[in-house]
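To keep things simple, chains are lettered A, B, C, D and E as they appear, and every chain counts its residues starting from 1.
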Amino acid sequence: MTQTPMLDVRALRVEFPGRHGTVTALADISLTIQPGEILGVVGESGAGKSMTGLAVLGLLEPPGHVAGGEVWLNGRRIDTLSDHDMEKVRGREIGAIFQDPLTSLNPLFSVGKQLIETIRLHLPLNRTEARQRAIDLLAEVGIPGPETRVDHFPHQFSGGMRQRVVIALALAARPKLIIADEPTTALDVSIQAQITSLLRRLCKDNGTAVMLVTHDMGVIAETADRVAVMYAGRLVEIGPVADVIARPSHPYTRGLMGSIPTLGARVPRLQQIDGAMPRLDAIPQGCAFNPRCPQVMPRCRTERPHLHPSGSGQSACFLNQPAQESAA
Amino acid sequence: MIVFLIKRLANAAFVMLVVALMAFMIFRFVGDPVQLMVNEQTTQAERDELRERLGLNQSMPMQYLHFVANAVQGDFGISYRNQQEVMSLIAERFPATIELVLMATIISLVVGVPLGVITAIHRGKWYSEGLQFLSIIGVSLPSFVIGIMLILVFSVMFNILPAFGRGDVVSIGWWTTGLLTASGRAALILPSIALSFYQITLVMRLVRAEMLEVLRSDFIKFARARGVPAWRVHYSHALRNCLMPVVTMTAMNIGSLIAFALITETVFQWPGMGLLFIQAVTFVDIPVMAAYLCIVSFIFVALNTLVDITYALIDPRLRNAKA
Amino acid sequence: MTIPALTVTHLSRLFNVSAPWLNRVIERKPKAYLRAVDDISFSVPSGGCLSLVGESGCGKSTVARLVTGLYTPTNGQMQFANGKNGKPLAAQMIFQDPYASLNPRWRVFDIIAEPLRELKLRETDAEITERVGELLTTVGLAPRDGRKFPHEFSGGQRQRISIARALATEPEFLVCDEPTSALDVSVQAQILNLMRRLQDEMGLTYLFISHDMSVVRHMSDQIAVMYLGRIVEQAATEVLFANPKHPYTQLLLETIPNVTDPKRDREVQSGEVPSPMKPPSGCTFHPRCPQADARCAAERPEMQAYSDGSRVACHRVAETMAALAVPLVGERRLSA
Amino acid sequence: MFFKSTLLAGVAIACFATAGSAQTLRWGAARDINSLDPYSYGSTFTISFLNHVYEGLVRYNADLQIEPALATEWEVLPNNIWRFKLRHGVKFHDGADFTADDVVSSLARVSHPDSPLKGNLPAYKSATKVDDYTVDIELVGTYPLLLNDLTNIHMFDAGWLKDHNAELPTDVAKKVEGYPTFHANGTGPFSVESRVPDSKTVLVVNDNWWDTPKHNLKRIEFTPIASDATRVAALLSGEIDFTEKAPVQDLPRLEATPSVKVMEANELRTIMFGFNFHDKLANGQPNFFQHKEMREAVALAIDLNLIRDKVMRGKSRVTGTVVAPAIPGYDAALDVPTAYDPDKAAAMIKELGAEGFAFEIVCANDVWLNEEEICNAMVSMLTRVGLKPTLSIGPNAVQQIKQTNGEADMFSFGWANEPMLDAYSILLQVFQTKSDKAGVFNWGGWSYPELDKLIIAASTELDRTKRLALESQALKIVKDESIMLPFHQQPMAWATSDKVESVVQLSDNKGRHWLTRMTE
Amino acid sequence: MTVNPSSPSLFARTRQSDLWYSFTRQRSAVFAAVLLAVLIISAFTAPLYAPQNPFDPAQLELWNAEIPPIWLEGGQWPYLLGTDTQGRDILSAILYGSRISILIGIASVVFALLIGIGSGLAAGYYGGFVENALMRVGDILLSIPTILIAILVSAIVRELLPPALRDVGAAGVLVLAIVLSGWVQYARTVRAQTAVERRKEYVQAAQLLKVPARRIMFSHILPNTLTPILVAATLNFGMAILTEATLSFLGIGMPPSQPSLGTLIRLGNQFLFSGMWWIVLFPVLQLCLLVVSVNLLGDWLRDALNPKLR
């Protein structure tokens, strides 16, 4: 692993000043994505997975802000860049795909106009060249008849087609990293598979790294290389997909896996994690998962576990950590 | 599209018929026109004869039909007070009011849109909060108070702008304009500012609300994620999405401005339709009242219809939905 | 199999989506109807669970509202079996959106007490209070939670409240319209477990509606797959999963992400769901079906029962079966 | 304080307005004229304005004496016929000659049954052309005041009327707009250049006027500005040169302004209040005003001097009789205002059993000076002596209907005896019992036979002294019976800018700008 | 989230609510609320301490006319803010005038609310003919500008009233004029909101229980439509006061015997140049304070209740 990671997030911390003091939305997030790698970020709603993507993009909604940590993109620190410089990073070096293709496109501009705008912002092409490239991109994402479709408006596309347009926009400047925030959630089941496979194919062809944010373990299982599991604004486990699914090491991941009804064998009762994830302004002391954890120890209530190697990945749980680690 | 047109026009026509009915009712039931027209020496026989000639003996629906038929031809009868055809009376005042209203509309857009954008983009900054506060004061001040204040400051105190009237006007065909003379332009300033005051704050607040709404939308977030620079996000993507409702509201509000102008016209003695109307109200000059009601409503309805239709024509979403 | 709690025969529901009269006259368009539910028949086993599964717009939620009586059917019959009190069963419903299904201005106590008051199930305030407490306990909440407002609860807790409200009527038949699709997986497990527990304890019958094959598999005895208002395949759960016959069922099973057995590096090209306003002719699935031929485009396939208890509406399946001339058994996958 | 300093600052800054040339008189009036047709509307103000454009056979001179105008001489023939010799060489604005035909045609028009002005020529019977410059006017009987009436009967061009189908007076009911309503063709010192109602009416000098102009004007721009405040602002800022109605409350500040000249005098017009004499009030209640004691009590309850001092800023002349001193028929002996005695008034009311008597005072807010304030003050004063008056206030057009219909329990009233300038005017039109020709303004419905007798006698008495004595006798009855309560002769206040050198102001409160000179 | 063992009292809930929090954070809202409270209380308690009842003609004494405010030369106790040309104490007049303005504002908002909510609920819930009829009536009323409706109604109804009622009925006529153009907005808002709420699942849950339509409308749907209505009502309260003032300024509102703020401004406007600035300035100030405080409050409420701005 001597290669420079495409994305290297180190101890990222995001805060929201709010009514009852400052809320820490993300704490101690550290992860890397290698070139060409797909990292799945999974977690339940409110776990902070989308916010991680936005923080990397520098698009946190004020008053939210990065309060600590570093974000390195391909060997360059980007969390300290000015707004102006960040504009040159977004789109050019990091592409983004958001959840709802219905609302991601400006309804008043044709898709071609939006594509050409993005292309010309980042690449030194003239109008005709940019237009040609826009048509090529549409063809690439599998939109039939791109020569005519390029002049259509977003509302003339179906949901799946629109998400393809969004992917074309994200790929317009051939970025090396794509942050895909729930790219399939708003789509019908039979369309979801098309989009994930498209995304996977394109990234593989271009060697693009992907941060795939989703709540759907199945999508992760079928798409990602590695997976990061988040809970209450913290990373609880990160590791190769197959290992995490097959041998989850954090109790939360274990519970999560157990609670997914599978297509395989039928069980009379699903494994369940009682309670609900805490709100960000009421995260318990120590390990955030401790009130729901079936294996909770006294130490979990006072002390926060950090990510620590465990199996082929890392997990943040004292169960998997040698005792002296925490003393350090 | 044709269906849409027909429906919209039918709706407008229906509304106008009802407005005409109201005007007719006013005409018919408020104050006996005969009583208002004759002097005290008139004998009963003469009164009856007059009643006959005015068609007041016909059945109510017949009278209404007559009224509508005449109104459609622009015949609203003769002003009791001015003894002139109401329509030509109003036609004379029409340019003055329209110039005032258009000027106020232009001012409201030129001032209101940038203010709205500034307060939306710099939400939370002290100056945009301050502008917000001022805008509340703007909607709270009655327009007659604004007019009085403007006169006091600019006409009486500094003596730099005329306090009343329309200055010299130039006739172009039947239209008269004050824009071509220095005194006409000077006279237009204070009334149009007074009239635009409320509208400015409306535009500003609408632009602000729309901008905030649009800036929160996914496509703006996505545009920024695509690396579109902030100014371009604000002025090309966001503002363009806001302009539609702003232009719509502005166009539709021209109708209310025409009505609202009557206060400004009263304060500034502006020789427009509103002043005519207010004088007609105090004199119970019913033909003028009825005509004014019909005409202002007509402008109002016509503008709304026009805006709706234009909207359907230019918005790509609506254009195709209607196909 | 026991007597069905509900038998539905040839049920249809049309929605009038015609353009207004003037448009029709001028544009010479006929009246337009949306066949949300198109001639479907199924039965729900008493004490069991029948699931309706399909993608958005296939009409499954309309069926739920027809069964509960919120909509009146355009055609067809619904026959409820008699309940414990000798009267026909009345269906109660659990809704999809835990945020919209509870009146935000009402306290939880009043929400749960409403059926008791409306249906005069309890007389005095004390009895009502007691019963509401009981119900809250049943669904895993505390009686004192009744004093709070819905917004003070998480999604899962709200869905529990929704269940408690449904239980308040002492129903024997529950229609569950995507009860967990708005919930996170760990909470979904809680709710599914709760529903299973209640079914066991109270002998409830469920009509379960979902788009999630894995949830459906977990919950149901029988599954009916819907596509554009029609049932294309109905079978016992294990039969369906082991041996999906209809190409659409196969497509669904194929495209569902599977955690335990991920199908990586496949490229599915299955087209998009047509608008229910203009359903394709013949078999409505034919434009997306890899096996479709001219007959599929022309002729609507009838439901046919097969020996494994499944019923399928597909020309291909019928033809293959006829050609084989053997009743289909075992775990052969037709698409293989 | 802010306002005060503001105003001073406004005054201190030199006037910027240079819009009008030296010889343009910009007239800011309190109201617009109703029409350019003097026969269309019985409005004194309209007619006086149109005196700049149209002329009568005779006119008042600067001393309010009748002098020849379009007629040069006249004589009274037997059989109630008056013969007028017309002036030669008079031309209408369109160039037509003024002849006897024009007089006949004009008189026919004004006396037509549809004419609102027929009452201004009450004794007229017919007119006959004798030759091109001689006309005979026949009256219905002996009548001393024909010349007075004729001062305001304007002469039209017969051919012009015919050409424009306007030989009959404008008739609203026919839904045709009369050509003269918006066009004018007179013989006067000015001709109409343009007119936009409620906005501006422009007169330009008539270089072919038969008389030698005493004025030096080229144009008159007449602009109605109804709002007192706006009008004053316009005057202060130099946007107008003349107004015939400077609000009394603003007089001190106008007088203190160097660029403004104020001219004050008392009008001929007497302001008074009348009573309902019918059996029932407008609200159906019994009417105490039928009792003379009640009317006297009301008179005692009103502090006229206080109203003069406060409401009229000391500018009005409190009066005890219904005609001004300048009006023939005036009797100084009658001009003793009722002394203010609220206690006595209260006692009288108590004696009548009229305590808490509720009635409505009907006033207008756009006719007489500070009428609204006067009426308000009256309400206060009458309330304090135990009555329960309410005030109905509104524009004259609305209020007058109530007054003429007898729906007014008490009403404000003003009478200037114009254009007749004789007490006969008020006696005939107001105090005589209502009949076909008389008592047109007898709104209260009073009737005193001995009064009627005196008035009828006066109408045919050609001897001026005897006639005036009869009139004074009649006025005494009016006073004794308290038919109407005279208040005051209202002040008139004109204001001009310093560009105006001289203006002739007469007590009839009419602008006569053919006599106005501006600084050159 | 913490689970409270006992249900908090209304007061405690108010104190804890987001609304209260946003209120205390917004200085202008606090300022406006305090100001409005002071204005309303002072207006309604005026008879207790005002030096004069300006509506009682017997108390107006011409001798006391045109006294300047107390701090100027010639000022007299108890006429703190001076008197007008009738001898009416300006302070008393604006207090009593505000009372009329506020009462007309409240009455017109309340009546408009009643009509608007009733018809809006029915139209939104039943749809069809009821809805069509309401929309048409609304179209018609909305195609005549508000101010025009108000002028016409108050000019015409006044004419139709019997003379005895003209003074007494003036306030009623004004309320009618404002209500007539005001209720449509509520009706439309409620209708739109009802149409949304009616499709929500909690309504279906109630329908399943065969709860009668009227009860569903009033106890389920209505409370959920009130938020935008509350904002609109607050802002319209300010508008109603302005409309009343405008009509009175134009001379077709409250009569001078019972002057509202607009009437006082109309009367005082004539003395703008006469140096008696206090006659017009104080009513103008009072009117502006009143409306500004109402609008500040309404504006804050709109933002605070807008879930999107949270």
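Note that a contact is a pair of C-beta atoms (placed from the backbone, for glycine too) under 8 Å apart; a residue touches a chain by one contact, two chains touch by 3 or more.
Bear in mind the structure is a predicted one, so any value in this text is a computation, not a measurement.
Q: Work out the mean Cα position per chain and let me know which chain is farthest from chain A.
A: D
Q: Would you mind telling me which chain pair, A-B or B-D, is linked by more contacting C-beta pairs?
A: If we tally the C-beta pairs in contact for A-B and B-D, the bigger total goes to B-D.
Q: Quick one: which chain's Cα centre is the longest way from chain C's?
A: The most distant chain relative to chain C turns out to be D.
Q: Please report how many Å separate the Cα centroid of chain C from that of chain E, as a whole number.
A: That gives a centre separation of 51 Å.
Q: Please compute the C-alpha centroid of chain D, do the same for chain E, then give the distance between them in whole Å.
A: The computed centroid separation for chain D versus chain E comes out at 45 Å.
Q: So how far apart, in whole Å, are chain A and chain C when each is placed at the average of its C-alpha atoms?
A: 32
Q: Starting from the mean Cα coordinates of chain B and chain C, work out the distance between those two points in Å.
A: One centre to the other, that is 55 Å.
Q: Among all residues of chain D, which ones touch two or more of the remaining chains?
A: 3, 7, 227, 229, 233, 236, 394-395, 398
Q: By residue number and range, which residues of chain E touch two or more other chains?
A: 1, 159, 251, 269, 272-273
Q: Contact residues on chain D for chain E in the complex?
A: Spelled out, the residues of chain D in touch with chain E are 1-4, 7, 227-229, 232-233, 236, 247, 249-250, 252-253, 282-283, 303, 306-307, 310-311, 360, 365, 372-373, 376-377, 379-384, 389-395, 398, 402, 407.
Q: In the complex, go through chain C and note every residue touching chain B.
A: 19-20, 22-23, 26-27
Q: Within their complex, state which residues of chain B touch chain A.
A: 217-219, 221-230, 237, 240-241, 316-317, 320-321
Q: Please output the residues of chain E touching chain B within their complex, sorted ascending.
A: Going through chain E, the ones touching chain B are 28, 136, 139-140, 143-148, 151-152, 155-156, 159-160, 238, 242, 245-246, 249-252, 262, 265, 269, 272-273, 280, 284, 287-288, 291-292, 294-296, 299, 308-309.
Q: What part of chain A is in contact with chain B in the complex they form?
A: So the residues of chain A touching chain B come out as 57, 59, 83-84, 87-92, 94-96, 98-100, 103-109, 114, 117-118, 121-122, 153, 155-156, 166, 169-170, 172-173, 179.
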